[in-house]
Amino acid sequence: MTLPKLTNAQIAWRAAQDIADGAYVNLGIGLPELCARFQPEGRRAMFHTENGILGFGPAPEAGQEDWDVINAGKKAVTLSPGAAIFHHADSFAMVRGGHLDMAILGAFQVAATGDLANWRLGASGVPAVGGAMDLVNGVKQVVVLTDHVTKDGKPKLVDTCTYPLTGVGCVTRVYTSLAVIDIDPRGFVLREKPAGMSLDELQAVTGAPLHTDGPVADLTAPKVD
Amino acid sequence: MTLPKLTNAQIAWRAAQDIADGAYVNLGIGLPELCARFQPEGRRAMFHTENGILGFGPAPEAGQEDWDVINAGKKAVTLSPGAAIFHHADSFAMVRGGHLDMAILGAFQVAATGDLANWRLGASGVPAVGGAMDLVNGVKQVVVLTDHVTKDGKPKLVDTCTYPLTGVGCVTRVYTSLAVIDIDPRGFVLREKPAGMSLDELQAVTGAPLHTDGPVADLTAPKVD
Amino acid sequence: MDKTCPTLADAVAGIEDGASVMIGGFGGSGAPIELLHALVDRFRATGSPKNLTIVNNNAGNGGIGIAAMIAAGMVRKVICSFPRTSQPHAFNEKYASGELELELVPQGTLAERIRAGGAGIPAFYTPTGYGTDLAAGKPVAEFDGKHYIQERWLKADVALVKAEHGDAYGNLTYRLAARNFNPLMCMAAMHSIAQVTRIVPLGEIAPQDVITPGIFVNTVVEMPTPRQEETRVRDQEVY
Amino acid sequence: MDKTCPTLADAVAGIEDGASVMIGGFGGSGAPIELLHALVDRFRATGSPKNLTIVNNNAGNGGIGIAAMIAAGMVRKVICSFPRTSQPHAFNEKYASGELELELVPQGTLAERIRAGGAGIPAFYTPTGYGTDLAAGKPVAEFDGKHYIQERWLKADVALVKAEHGDAYGNLTYRLAARNFNPLMCMAAMHSIAQVTRIVPLGEIAPQDVITPGIFVNTVVEMPTPRQEETRVRDQEVY
């Protein structure tokens, strides 16, 4: 079966539609970073990066990089008017102190309890955590962007995470290639799915029960990249 | 008996002779503030004030005050070249974190154990603590400047403080109107006393035993004000 | 996103009865006197906000600012390090009569508790106050052979601060040592209101010169001619 | 009082075997590459300092800076949040062979532990890491119905940082987001050494523009032409 999946850019586009004007937002490395491209017209979020910039703008032209203006992924960004620079303790005061409205992160697994695993696949290899554990415990709303399944087709939305946890009960919304899902005390609550996919088909690639709560909308996104 | 007492300015002068060049020093409100006037030639200490200035200079001319450049006693000071301004948490990071070399404070009582009482005379009245408790627990060396006795002739250097404590075992040196005294595990160790006063006479106005440890020097100070 | 507000009265209109209010400044330096007077005006006109808990290093001087709030009867409790001032009569009278509660906190602990509130640190250990009356009832712990007491974060519903420049995003700078408690209080309050001498266009404050990033500020109101507390007290001004 | 030092080699001459060394920067931004290379030179010439514990957000990239120190065999342990980089081979090889110990710390906890070390706060509570493998063995406490773990301060013998301007008293400014961990590390080390692009006369840094007050700095050395890590790694430079 070929699933009617959104591309990564489309997942980011869909998530970006829910970022409010003026929201303070931290975008994780990789897929979440793409959200910055797709802000709806008339809205401007204030993007935060752990290394001490609030209100940074898009990447500079190649060759115009200033390597003292970078994001958490060590990519060059730019300073928009009204940006602020601060040290790491102040940066994580913003994070831990509940001042950021939203953290948009990637995931290896998300559990129906809101548990998140996104920092380590197992006991081997070199572990690296960065700011993920701070973000999931401090930011007001933690949302995850991810493919709905792993490369070999296994569910990434699960009953219980089998990989080491990043945080306990922290995720409240997931945007996947196949669904928009809220997490509340019942577990996964389906909000959107592709029009061409039945609830049973979606449930078959999801590792924990999908609840519904009123009508499920169609998951759509324009062609973007 | 008229005691051969140093004046307040002379006590401050005597203490100032022991402030090293380049030392970072916090001067308490009142008598300790006078030390800044008496720095030996060729030395320059860096004075710290709790409200967020390091390296302030003398008071401005009357009428030239800038009320955003004040010390902990809310008196106007000036900014010397090389001064720095910072917020209160950073200011007390300097204090609590052991970055200041010396705090020079006043006292109601100092005990032979190094306990200090200087913030409250008893249960009545309005209590006020300011930064005293932070200073005595954070600064590398805490010294006290005080008259040797109270206005009605009672010892201020005592066996056990009867007033509420500011800090436990924190004072290591006391400059009084009649003596220079170190505090070590033995208790008060007399270093200097007026030439015209016997050890017995000094002991009679001191509330705990005065030990000696080698010769006791003469306590002298020029006429200053 | 525009955090600017046209008037001092509008800026303080949302403060509710019983609110905890952090007030910046050390003595008069950095004290948002005009915001406080707008609050006194509102109280006189409407009876609100009352029963306030205020957090400041001091507890008002003379007849203006915090002293005017206390004298007006808006304040139930003061959390501060040093209520003694050159003219402390407003505080002293209400304190002596039992109308005003006092929580005395060492100055560095006060600053650190406020920072902790802003930084999401619910508790920390400090040597400050160990073995004294101000440690009464607080947990004690030993680290590396030395004793420390546990202190809790301090947060507030509102912060009122005085800054020099501010922009529409809420970025602030402070004049010289008027910085003091102000940046910390902006971090620790649910709603931070800054009176600024000048509202400047976005970008006029260079990113590296911002002292309080706008994320910590909700409302910016211009007060181009603030009069310093020290001058007002010298002039025996009573608000 | 003059904290300036004539050469990079002199600046790092006092660092001892077994020392803990905080190294500023995030990736290449704010990384004191030239000071690190002076330290590598000294190790190659004398065999010292060795068995270092280094504290940084990362663990070296390519063949320069921290990666060169690790490859040279000077480093026994790394305390960091994110050892993965674009070219992590120096770390990965020594880590895989067991020659290098790793203490992994969440980035915000790392920053806060360093600040706590500088601020005299021996321990604090944070929600970060609660319920995860990185909380193993740490005390847990509940405040207001939420769980937190206790973290200890982090101090070091030496800090090596990169600043933009510095003066004889040790006051520092940083270039844009090169600030990152540098001011915190200056606070937390017994001896802080700053390479600065320019040593400026006292007073040229206005008091309100000082980012790191000189009390936190012991040695200032001018390095007028620092080359950024990103450029060196792109050029495949190996020190």
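Chains: A, B, C and D, in written order; residue numbering restarts at 1 for each.
Criterion: a contact is a pair of C-beta atoms (placed from the backbone, for glycine too) under 8 Å apart; a residue touches a chain by one contact, two chains touch by 3 or more.
In UniProt terms the chains read A, B = 3-oxoadipate CoA-transferase subunit B; C, D = 3-oxoadipate CoA-transferase subunit A.
The model shown is predicted, which means the values in this text are computed figures rather than measured ones.
Undergrad: Does B-D or B-C have the larger number of C-beta pairs in contact?
TA: When the contacts at B-D and B-C are counted, B-C has more.
Undergrad: Could you grab the centroid distance between chain B and chain D? Build each centroid from C-alpha atoms only and quote it in angstrom.
TA: 37
Undergrad: Counting in whole Å, what is the centre-to-centre distance of chain A and chain B, each centre being its mean C-alpha position?
TA: About 57 Å, centre to centre.
Undergrad: Quick one: chain B and chain C, Cα centre-to-centre, how many Å?
TA: Distance between chain centres, rounded to whole Å: 30 Å.
Undergrad: Tell me, which residues of chain B touch at least two other chains?
TA: 53, 79, 85-86, 89, 92, 95-96, 138
Undergrad: Pull out every residue in chain D that's touching 2 or more other chains.
TA: Within chain D, the residues that touch at least two other chains are 112, 115, 119-121, 126-127, 175-176, 179, 207-208.
Undergrad: Output every touching chain pair, sorted by label.
TA: After working through each pair, the chains in contact turn out to be A-C, A-D, B-C, B-D, C-D.
Undergrad: For the complex, which residues does chain D have touching chain C?
TA: Residues 112, 116, 119-127, 141, 143-144, 146, 148, 152, 173-176, 179, 207-209.
Undergrad: Quick one: which bits of chain A touch chain D in the complex? Just the residue numbers, please.
TA: 50-53, 65-70, 74, 79, 85-89, 91-92, 95-96, 120, 126-134, 137-138, 164-168
Undergrad: Report the residues of chain C in contact with chain A in the complex, numbered from low to high.
TA: Touching chain A: residues 1, 115, 117-121, 167-169, 171, 187, 201-203, 207-208, 210, 213-216 of chain C.
Undergrad: So in the complex, which bits of chain D are touching chain A?
TA: 26-30, 57, 81-86, 88, 91-92, 95, 102, 104-112, 114-115, 126-134, 175-184, 211, 228-231
Undergrad: Okay, in this complex, where on chain A does chain C touch?
TA: The contact residues of chain A facing chain C are 21-22, 24, 44, 46, 48, 53-55, 79, 81-86, 89-90, 92-100, 138.
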